[in-house]
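One structure follows; several queries about it will come next.
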């Protein structure tokens, strides 16, 4: 659709109205409030005109004629009639045809009650069937994957699922088979529909042909309740509705939020609610793995903290984690740590993220800005594995938009297909490539006339081409994240320094893995940081006034905390939904810290590896069970909905902090969630004007990017046929017209109270050890589905083994082949692992996916990674 | 079996080179696979998908659109009787009934020995000699019941081996070599 | 005269036959269309008719029905088709016996018997599950110890005269829409019904 | 008669398909002549000849060429996917005179300055495919295709592309999709007019085999000579495929507009009369999608406009003759069934409607019809092609949809009594 702002008049059912040039008739009618029935048309996909449901009468050179409104564009002076007898007969006819072969098993069908075919038949269809012959029959549901079932009898061949898989997701694993009346959607033989996005096909199916196993027969639309919320499976912050029946989460559906997820969800997010019902849920407080009362558990923790503070000072208490928390929880814990305990050793990240000054202090770009930028440079991991919906948005920008894409990654990624330039560098030497791309000096040969050596394994020609693109687009958006857990975060910081130093107009999107890491950092859950994106030094004065007390010096980071614990210098370690044993890059350190004398308090929703070894486990509520707000990696704050009651005796995290504070003789001053958001709004400039009623206004349903700029967001009209199953959302334009409250009195994000954190480029000189000929450099990227406890059990993809992957050259060199066991030597010691062949990996590199479930002869990447090393080099020996 | 032979693999890359975009070679490649194996095996579909850069589902989906591609095994001789209007007027249905009796199978089935598959065809453009019968797409026009019996006998005894190549082989010759004309400026897309 | 005038109504009543009976010693016959306790029917082959579609629960004005569906186990299907009623509960402390569930049921799985005399000593007992509701193998309702079944209470359950006009057409008026071959309880037509069984 | 044989001149020879015979009979002279002229001169000749497309739609070839969008890449695609029931003229031209087709294609390619040409041949034409591929190979050897043809500086490649059995691929945009290696789904127009966005998104001309076969003659004899044959818009000669209940079914090249249907059916040189001297009951004048004619219209001239005026079309030039012993219900059902089997499945009305009509028609033919079925059929037809008139209105992407009602609606209109007999007697009276 063209961006042309040209407008002209058309007439719809005799009423003159304005339309934009290049707009489809169906869109123009939607805008005018005239609904045209439709099946195959989806506002997020290219029109195909297959179902013929959207026929309207249109004036043309040969007078009025029936034409499909979903692919004809409006023309100046066009007359459109949507309710003539001719149109009604055509609609009636098409529906009668559709129902010929459609089984009338609505009582059994999951879509019954929210089915566009049912609804539109009632509204536009024939009252009675004239069909007396027998219908087409297929075997009832066939599995397309472990998650998706297909009932071909119900299919009306609109092709939405196929088009989604091909056009939007780029996973054409399903297609039409056969022809004519026997046309069917299917997969190829045993190649299952294992797309990360397969659940979307179920959501957009206009009949009950595609169903998802977690929802199958679980409920009926009329006993569902829903609340708008934000997905917390990753840091993308997709808007969705959470639906429940009988106080049990039962389905998540994506909301068509223009700036974020455009109605799509990944399967991890869509089926993530199954984690709420997981057997691993902790529902009662545990001490030494025995059930105890909340009172004695709180007493135990409070006593331990008190003792530690009294004997060895507040810094002997530390807190790790916070990404599971809401912004309000995080603020509460931040205040608790600083003002009640007096410790600054708090870290929301587990040594696997980005430095806070990168996340908070860089000039930010939103997803939308990235997708409209002329150039996007991806420096980091495979974003399909880390932020699946951002992948969809970028793929769309690269294929249908004007955005050019350069990726600087150690390995081919899912985006490589769509990238203008892919620069695959030696792991750990990313900053060298970035430097070559952004520095004002062009690459020069070492001596006049000599060939230029490849840069960190990247061909010079590729660098030159990419460099030219970057130099032409100084306002490029850089998407930065950790490409591998085996690389130190310093490498990325160094790369970013290079960009900031050389490109003042560049903007950044910082990729974070876990949901609300950004919000936790915003609330000061990082050593040396205070709420509102400021540092301890800059904000000390202000927060002393509000909180009464703020630690004098910067505390320890996660790595330092774990090191202190393993040396028994720490007395109490509170794990705020964190599982260092799984998620900290070096398992050796995490284990020794957890197994030390330090008292470990785990506040968690699930029983994870670290919680099992904790002294006290406190059950916490999780997504869907608590209200509040969350912040995605753009810095967009959006609301979370509480839909169901938490199981057992779980408490909200903020309530735990408040209770502990009281027990320790402090008072955080909070009695409710509202108290917290009120204080945040009042004293933290970042959240200024973010009053609770804003979340009720339809204008801000997509969330608000902080700092607030005062830019108003225009909500979309949400097509109910595009996303059946979501009962009316207030995104509807009608609702906006009605609302005349002054929600957009939002100010600029300037702060009068204190200065905010700014990223200063380091003039660092990282010394990456040269890779010797006998070693392999380890790459440990993360996958979407890993062994993390936040994952729901429903996974669309096969489980990968946690083993060493090498290319055939290196495999031959050690004389091994796929399936063999080898000895792996790294700085952490010797291990045994199976190996497998993967020729997509560069020579001299070994790959183990981080945090997969390792069985038997398998190895975890975190077994090999040492602490404080920039890169991890390993040696292999045949056994 | 199943995967392309080395010789056919060479032919395949030759075919792909004839077109501006590799996907165009899908139908000729399916013909090639069928000429090799008699039907379109899953392995062949997988290999074609690799060759032209599609997913196997897309190749199967596209191939199954076309009547001539069989994704399940069919007989050595594909006997097609056209019953479309002209042939119907010329007694095609009566002949078809006889064919079913003679071969002992119903339309759409394959004989137990795997020799014959009987199909009801749409117009094969043999309307000047109704009813039009084809065996592996070779025409036998104006057949009556006894001539059909004779045809079956001839096929069984191998007397028609020259005339009727084995099933799946539509055409026995191919273009040699790739493109010869200079690809103009615009032509390389 | 004036005195008797005042007793006129009373006197007239005393010689009329008594309308009340000595319940529970004496029980009157129940009306044909009496709505009582539900039963869940089976097909003649023993399969349950309920497919767990929850339409009854959706239509219930008292919100007393709770249904959950599940996939039919392929080896031992409970009902024909894909889905069956995995959980089926009616809370008789809330049920108003309006029969809307019977009207809504697409498979004639739920009908009402004429039993209304049952009482409970605790709330749990008032919630009937499938165990209580599903009919016996011979198609007769389960008779629970605390229920007072009388002759005729279990015949002519309400489904037999439900929906005189299932799709709103007047042509269906007066026709029996109890599907003939659908298992237990093929009924003779009620008075003024045509008696033609509609072919399925 | 002394009309020239334009496309069938070589058919008398047994070896008409060989290079030898072709050269002996003046082959490739036209190409040489054409290459010496300017492309626009050739286009001018073709425009003068007023050659109407021989595929079915009957669009002026010259005008079609002139609509090409300027673009460095242009494609010429020859449509040899002849699958219209009772049409077998292209198969004859492909099998018996492949070189004429190749030469015609090259002339057209030169005229429109195509960068690559494709001949799409129906997959079932095994012999035809072999012969055209041979002809192309021979022509490469001869220097007629490839680089710098006959030293003219013009280069082109010609690729023979086999179809795989789908009637819908005769529709030009479906053919393009198929040639791109996709399912033969017709494209939506607008915007996908081949002359603007065709093969691989580039401007493309799709021409029929017979149209191409006319090219050498037009170049040799001039467009004016071609235009002098026939009358009005219908110029030149045309191949008519005559089949059904005639004594001599076959392809006959006749001058346009000068003969009538009766001539073609009864002339001993052509059809030679109806079998058993029966009366003609109905004819289908232009392939399965054309409305039917009764015996009263036999004297209509074989003229595109005249036939169109009479409410039908000459279409692909196939004439099906049905005599008085024919069951009209059965004939109409068989055509409906054809469309059912060949619907691509994209649009609902065609996909579902064709199947429904097939089933109802079959029910009637088998004796289970009801009187209301006739109205039902007409209404279903109306839902596929509103108005059920000629030319049809369309509710589908391509014209296969509106073709479905044709046989059904016209047979009901013309032979309603016969339907009623089927219904009342519970079966077909002709069996």
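Going in written order, the chains are labelled A, B, C and D, and every chain counts its residues from 1.
Definition applied: contacts are C-beta pairs under 8 Å (C-beta built on N, C-alpha and C of every residue); 3 or more make two chains touch, one makes a residue touch a chain.
Just so you know, these numbers come straight off a predicted model, no measurement behind them.
Student: If you average the C-alpha positions per chain, which one ends up nearest the average over all of them?
Tutor: Minimum centroid-to-centroid distance belongs to A.
Student: Please give the pair of chains with the highest number of C-beta contact pairs.
Tutor: B-D
Student: Quick one: chain B and chain D, Cα centre-to-centre, how many Å?
Tutor: So the centre of chain B lies 23 Å away from the centre of chain D.
Student: Distance between chain A and chain B based on Cα centroids, please, to the nearest Å.
Tutor: Centre-to-centre distance between chain A and chain B: 49 Å.
Student: With chain centres taken as the means of their Cα atoms, state the distance from chain C to chain D in Å.
Tutor: That gives a centre separation of 67 Å.
Student: Please work out the Cα centroid separation of chain A and chain D, and write it as a whole number of Å.
Tutor: About 55 Å, centre to centre.
Student: Tell me, which residues of chain B touch at least two other chains?
Tutor: Within chain B, the residues that touch at least two other chains are 61-62, 65-66.
Student: Give me the residues of chain D that touch two or more other chains.
Tutor: Residues 166, 183, 341-342, 344.
Student: What topology does the chain touch graph have (line, ring, star, complete, other)?
Tutor: other
Student: According to the definition of touch, which chains form touching pairs?
Tutor: A-B, A-C, A-D, B-D
Student: Across the complex, what residues on chain A touch chain D?
Tutor: The contact residues of chain A facing chain D are 47-53, 55, 65-66, 68, 71-72, 86, 89-90, 92-94, 96-98, 100-101, 130-131, 133, 136, 156-157, 176, 178-183.
Student: Which residues of chain B touch chain D in their complex?
Tutor: 18-28, 30-31, 52, 61-63, 65-69, 83-86, 88-90, 122-130, 134, 136-139, 170-176, 179-182, 184-187, 189
Student: Enumerate the contact residues on chain B facing chain A in the complex.
Tutor: Counting only chain B, the residues touching chain A are 42, 45-46, 54-62, 64-66.
Student: Could you pull out which chain D residues touch chain B in their complex?
Tutor: Chain D reaches chain B through residues 71-73, 82-88, 90-91, 115-116, 122-127, 129-130, 133-134, 136-137, 140, 145-147, 155-157, 159-167, 178-184, 200, 241, 243-245, 249-251, 284, 288, 318, 320, 322, 326, 330-331, 334-335, 338, 341-342, 344.
Student: For a test of understanding, state which residues of chain C touch chain A in their complex under the given definition.
Tutor: 51-55, 57-58, 66, 68-71, 81-83, 86, 106-107, 167
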